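Below is one structure, written out as structure tokens, with a few remarks after it.
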Amino acid sequence: MPYINIKITDENVTLEQKQRMIQGTTQLMVDVLNKDPALTHVVIDEVSTDNWGVSGETVTELRKR
Amino acid sequence: MPYINIKITDENVTLEQKQRMIQGTTQLMVDVLNKDPALTHVVIDEVSTDNWGVSGETVTELRKR
Amino acid sequence: MPYINIKITDENVTLEQKQRMIQGTTQLMVDVLNKDPALTHVVIDEVSTDNWGVSGETVTELRKR
Amino acid sequence: MPYINIKITDENVTLEQKQRMIQGTTQLMVDVLNKDPALTHVVIDEVSTDNWGVSGETVTELRKR
Amino acid sequence: MPYINIKITDENVTLEQKQRMIQGTTQLMVDVLNKDPALTHVVIDEVSTDNWGVSGETVTELRKR
Amino acid sequence: MPYINIKITDENVTLEQKQRMIQGTTQLMVDVLNKDPALTHVVIDEVSTDNWGVSGETVTELRKR
């Protein structure tokens, strides 16, 4: 029953990259915990760089440096 | 103080369906746990079928079969 | 593919109450969105009243009044 | 290592307000728990008023009164 | 209607520190967005250092250095 | 800046398994998106089988069959 939520910044992530993340995390659950892929859900959230902060600043600001 | 987060695929969910989900889960908290509706928050996240995976594939792919 | 996360305070919730919440929210997804129950996951998080705040105070404090 | 997720309704939040929320919560982690800002991530989710419910109604409906 | 989730490592956080985090984030929502404290919920999750990873390692390992 | 949350049932997951999940998901972010491991956080939540439902039943019940 794994549920995996991947939050990344919204910076031109391609469908092929999403497929690789979904396939990779699902396979990891199979390899490490012997989970059933049919019960393994993965949700990817793409977050605007204005809405993600680290070190007290938005990623938008950090990307400018 | 319940907080309920409903994640569903973004596939033409109507406002009336959202209202029914909000009303239904809130009522369930009242019926089962005697919670105060004014303290019960429900957030619905609609996720692109490209961003939801199950069985190691995106829902976009699964919908094609 | 719904995923539902229910956060409630940890105040003697019984197994029977958990079963009713799981059954109720799953049925709601079937009734409102015609979802497959086998693809509907529900996770209940019980949160200590020390760790939940509303109106700027912990629920532990609010319960004392 | 704090991770802070702020969910608010999507009602014309400005970049300057987002910066203040990111800066304020990060500083709070430093002041209260002595955390390293470089390890403190903040993610702001703006939720449509159709998708947020309280008291069993959408915020869209509540805003009309 | 803000909902704020603070995830921190489980390392002897005191009730007084939790109160300060709840009070501080709630006040921030009032100051920045003019939100109603009665509608502002804060949930603190304390995560075992075995269950938090950064740089590909558990915090338990990182704390040993 | 990825943040990955892995929710699994609480069924005797070992520290070595947690390390493999943390290492594997972090490496996936590097391989697929070229992310910096120092900015990649992974949080594993272990959920009681009484608190996880699928097909409208708790995992505790499903495990009995």
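For clarity, chains are labelled A, B, C, D, E and F in written order, and residue numbers in each chain start from 1.
Criterion: a contact is a pair of C-beta atoms (placed from the backbone, for glycine too) under 8 Å apart; a residue touches a chain by one contact, two chains touch by 3 or more.
Computed from a predicted structure; not experimentally measured.
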Shared chain contacts [chain A and chain C, defined touch]: B, F
Greatest separation from chain E - chain, by CA centre: B
Same-interface partner of A-B, chosen from the options D-E, A-C or A-D, over half of the pairs matching: A-D
Cα superposition angle of chain B on its copy chain F, in degrees to the nearest 5: 180
Chain pair with the higher count of C-beta pairs in contact (A-F, C-E): A-F
Homomeric contact chain D-chain E: same or different residue positions, threshold half: same
Centre distance in Å when chain B and chain D are each reduced to the mean of their C-alpha atoms: 20
For chain D paired with chain F, centre-to-centre distance based on mean C-alpha positions, whole Å: 25
Contacts with two or more other chains, residues of chain F listed in rising order: 1, 3, 7, 21, 25, 41, 43, 52, 54
Graph class of chain-chain contacts, one of line, ring, star, complete, other: other
Pairwise chain contacts under the document criterion: A-B, A-C, A-D, A-F, B-C, B-D, B-E, C-E, C-F, D-E, D-F, E-F
Sites on chain D touched by chain F in the complex: 1, 3, 41, 43
Footprint of chain A on chain D - complex, ascending: 15, 18-19, 21-23, 26-27, 37-38, 40-46
Chain F - residues contacting chain A, complex: 1-9, 13, 17, 20-21, 24-25, 28-29, 31-33, 35, 39, 52, 54, 59
Residues on chain C engaged by chain E in the complex (per definition of touch): 7, 47, 50-58, 60-61
